[in-house]
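In structure tokens below, several structures.
Common to both upcoming complexes is subunit A, partnered first by subunit B, then by subunit C.
And then the complex of A and B:
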């Protein structure tokens, strides 16, 4: 148990180190100069362009040797300083991300958890049950093969453009100011439903299929046949199968985090939702590399934390590790 | 066992495969899209990026899938986009399968410190969210093509395949026939190629199918946020353009419905095919 957690932590530390290094290296070793891009966007006079180049190079710390830049990068990172946005100069990147992150999390966390629980339950019910299987399976495959942005587009078109039941742009009515008021909460909920549904449905399909296939494997395992031979009720056998099948599903949850996150980013773009996804799009369009870098780091940290939570959940749920902790294998 | 049953087993596999509805339906969808991608460009007179005179037309006999706000032919874009998806899927999925097999075989066959290092590397790449890296890299590359995109995708989406291959290799390495092959003094890579890989060929095939579908989805996502290839069309780019030109508000559904449907048909077809293949190779899973 302790070595398991230690190993995981070592992996995550290494991952963080590699990610920070990649994040630092990409803009510096890629063709194209962010400072030049910034200045050409300003369309400044030739003379002032030269002065500006010097100014920005200094401002972004690009005028020292590469190894020093790397150390400075880490030093700034430790202090939570991700640099200054080019798009909204001189606002710090951290500010912009902190503003956007709650919206993304409000979509992601409920979507991940609810689709995982609902998908697993429905998938387990469908396994080896003809009628349910024949409906859940095709539906699940269609959903899990659907690109997030397309489902978002279809939902927005059906519920927004055609029937006009739900709003499809933004996170709350423009007449309101964000705050802890009932009006704002209600408005927020209405704008939240469709992006949430896009994320939920794609995930739901994947989990339902995964669980359905897992249960079939488990029902063919020796212990299931043995229980059957003993005359155990089917419900009991299925319950054992479910508990065994849940473990690989939890491992799958850790693996799926990156994909769901990508889904959230593009879903936000479709719904113009003011989260990290829309921020990524703005950063790309405005060639705001520092913002993009900052977002990359925050995503890495978020995924690492989520991975660790899943690891802990795995240890808590797997009875074998629990027994191991009590000291008798 | 004599050699006769091998032939019979292969025969039986083909029989089971042809009678597996999931495999046939899935393969049918994928093949239909492939044929459309190959033949489609000959059925349309307008180039995918050319601007015609008909603006924002609903589907008709002149424009089967309608036209965009700028007068581009949606059917033409769709069939060329399908081509792009198959290219990205084949190259990206193929590269990911290659790297995954290389890392998995070496780690599983060698074991020891090499395995420790490769497993650590795999786990690190596994945790880093692929799309975040791809976005950052793609944003810096000014001229992008499908091949670069596929290479980026392949280079980042191999870890789970490597893990799967490694686990399978581990279970095969301790078998007698591998020991015999080792005693005969053959080179390691030859043993992997002739003794280990063939014994998990069904597994490798299914792995490639999943990587192929995954690469198509990642490619579409990248294209959708505007990091797709420049001066070309793809299914993701079509959706990107539809959103940029507010197809939702204008109600031009024919602009964004076909590209997504195309992706669902290919990727969904691949996934269903995979379950079918699983049942063909693993008799325990077949419906009773």
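And then the complex of A and C:
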């Protein structure tokens, strides 16, 4: 087990290094100069444009060669410094991410977990009930094939514009500001429903289909037939099938949770939700290298940790992995 | 692994959770219905009847409390908190004394303003001429946006009694200086003296405690929010006594710009009172509930000119005849009609805004102005030697090579994206091939600055006190590798630039008209840019909670209807002061 973990850790360290390097490089391959974009937005007179260009180029550390920028980036990273935002100069990137993260987490974690549990349950049930299969399967396909944006727009249209029962823009009432008050909590819940529902429904469809197909596959597997031949009750066979079918789903869940800090870009944009997803869009639009890097870094770390947990968890929940490892030793 | 018992628990939990969501949803629905019926107060929320909701300005988080960052400060900071010496109403070409009571050129190169007495900062200290001096002296910092003031001749600022005196070493740039009078917001020296030059020009100065202004509002809540920001009315605004201005909204909540559909839905539902967004199709919504400045087309005031900017360093755009043919080939009326639904108007051939009507020399327009005329475009092309040699319906370059101009606008600017398709279509009829292209904004800025484009649409220059800003935008020299804000077309005409500088140095309407007439003669004959249409001062208001919005039909309400940066001192503050409760 120790060598297993050590080997995994080494792989993760290498992956981290490469991913962070790519993370640093990608925004810099985007066409367009962030400082010029900033100067253009300022509408500075020609008399000050030159001085401003020089000032901001230096302020963002873009006045040194690329290799030096890269080294500076790592040096700052080690100190937990993700740099200063171009878009919101001179605010630190970490502040912007920390401000947006709660909204994204409050939206995505429940959406992912609930759609996972509900989707798998319903999918598993569909696999063994004809009626359910004939209804849930097409519905699942429709839901999972639905673009988030479209579903979000439909929900916003029906509940926000036509019936006007739910708000469609923002994370809480415009007349409030965040705080630990009952008013805010209630308002937050009301504004949370539609974006949550759009994420939940699409996720639900995906999990349900995955589980339904997996169960059918498992029920056709040799061990299931063997159990059947031994005269085991259907219930028992289905329980085993469910356990096996759940494994790949758990990987999917971990990955979805790992990437949670990426936010739900499209949903957040449609509902004007002030989370990380809409921050990503703004960062791209403003060539905000540092903000983009910072968010991607969070995603990288999240995905790596999630993968690591899956690796460990598999050893615990899947006897085959355990035995395989022991065999290897 | 799950035992079956645990599994049942898990199932139970997920069912419970889903049920909980459903319950919350229904509670939410009930709450919403209750609130729709009686849109009154949530206990901790703001009272709807005395709160004004606005949107259309803020694209960043509400973090910037620096009035010198004129492109970034939180909506309303200048106007509601920090105020300039004068306000200016472009619709009436009228300056109103604000923190100054009067100001004039006492000599050719000496300007003297008298600062209003009895004005107090929100921390109780009095406004002094030293504050004005301090404010203008921050322009000495090289990265100050108005640094040009100090490099173009301002020598010193002195104070005596209530007076502030600006002394220039040469003939001042009057037109520019007049702009500074209402665009530079005065800051309190006793607070700001602690800041470093970098903080002054680019800091966010994010402590609301030090946001000390003379205006009618003060910080409510929402610093660093990405959703909304609240201003709270403060008592003792000087203009209440002097001009009888007493804004009724106790709170002004500005809302972050989000998706168009959400913003429009909120406006129609009465959750937003004023939207300064471009809303496609708003012309179909205008009625008793939704109002615009004009009750019918063009609905909106003209706020800036959208220009077709050719790259004059590239053939065939360097050829004046080709530019005339191009101008004649564009069916702007179709853009106005099909793209905008008549919420914009076609531009005058001079490109000058309607508020500068008195500077437009109609005899020049008659003589040299272009109109949409396909056959004329064709004949100009033929006369200039552009022929369709390969019979594909498009003319070729004079050297016989294929002529295909790319026309760029930022991706996502949907109205402009449609406009350039119309332009390409109508140019096709005249035999000019134009390919619409949609790079992202920053790429476009880069290419435009470095001259790596054929044609681009631009509307950077806004409404203001003088057409000089437009000629400065068109003709400014010298050219550099990167043209960041002006003369994107790289028009190199020293005579035109000399006239533009002269225009800056005169200060009477007749003297200005004499020069603008000459400038128009050059512009219309040489056509370095092609004016297309006037973009609007986008403003649509819901009268449900607030009425008496700016409108052409009442002299008192003829003010610019926008919360945009720089617009509060051009009439926006009057708009807020004129509002009356809707019920």
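Just so we're on the same page, the second predicted complex is superposed on the first by the 272 of 329 C-alpha atoms of A that agree within 3 Å, B and C clash if a C-alpha of one lies under 4 Å from a C-alpha of the other, contacts with A are read in each partner's own complex, and residues count from 1 in each chain.
Note that contacts are C-beta pairs under 8 Å (C-beta built on N, C-alpha and C of every residue); 3 or more make two chains touch, one makes a residue touch a chain.
Only a predicted model underlies this, so the values are computations on that prediction, with no experimental measurement involved.
Judged by the touch definition given at the top, the superposed model places A:267 against neither subunit B nor subunit C. Put simply, more of the residues of subunit A are touched by C, taking subunit B and subunit C as the two choices.
When the two complexes are overlaid on their common chain A, residue A:198 makes contact with neither subunit B nor subunit C. By the document's definition of touching, neither partner reaches A:249: not subunit B, not subunit C. When both complexes are overlaid on chain A, the residue A:114 reaches subunit C alone and has no touch with subunit B. By the document's definition of touching, neither partner reaches A:104: not subunit B, not subunit C. Of the two partner chains placed by the overlay, only subunit C lies in contact with A:184; subunit B stays clear of it.
Looking at the shared chain after the overlay, A:88 reaches subunit C, while subunit B stays out of its contact range.
Applying the stated contact rule after C-alpha superposition, one finds that A:174 touches subunit C and leaves subunit B untouched.
Of the two partner chains placed by the overlay, only subunit C lies in contact with A:51; subunit B stays clear of it. Across the superposed pair, subunit B and subunit C both touch subunit A at residues 30-32, 153, 156, 160-161, 168, 269-270, 285, 287. Residues 120, 123-124, 126-133, 135-137, 139-142, 160, 213, 217-218, 220-221, 224-227, 236, 239, 242-243, 248-249, 251, 253, 256-257, 259-260, 263-264, 266-272, 275, 278, 284-285 of subunit B are the ones touching subunit A in the complex. Taken in their complex, subunit A has these residues touching subunit C: 30-34, 36-37, 39-49, 51-53, 55-56, 59, 87-91, 95-96, 99-100, 110, 114, 117-118, 121, 153, 156, 160-161, 164-179, 181, 183-184, 186-187, 189-190, 193, 196, 200, 239, 243, 269-272, 274, 278-279, 282, 285-287, 317. Residues of subunit C touching subunit A in their complex: 1-2, 4, 10-11, 13-14, 17-18, 21, 24-25, 27-29, 31-33, 36, 42-46, 48, 51, 53, 59-61, 63-64, 69-72, 142-148, 151-152, 198, 201-204, 206, 221-222, 224-228, 230, 253, 255-256, 258-259, 261-263, 265-266, 269, 271, 439-446, 449, 460, 476, 482, 484-486.
Taken in their complex, subunit A has these residues touching subunit B: 11-12, 14-15, 18-19, 22-23, 26-27, 30-32, 138, 141-142, 144-151, 153-154, 156-157, 160-162, 168, 209, 213, 216-217, 220, 255, 257-259, 261-262, 265-266, 269-270, 280-281, 283-285, 287, 289, 292-293, 295-296, 299-300, 303-304, 307.
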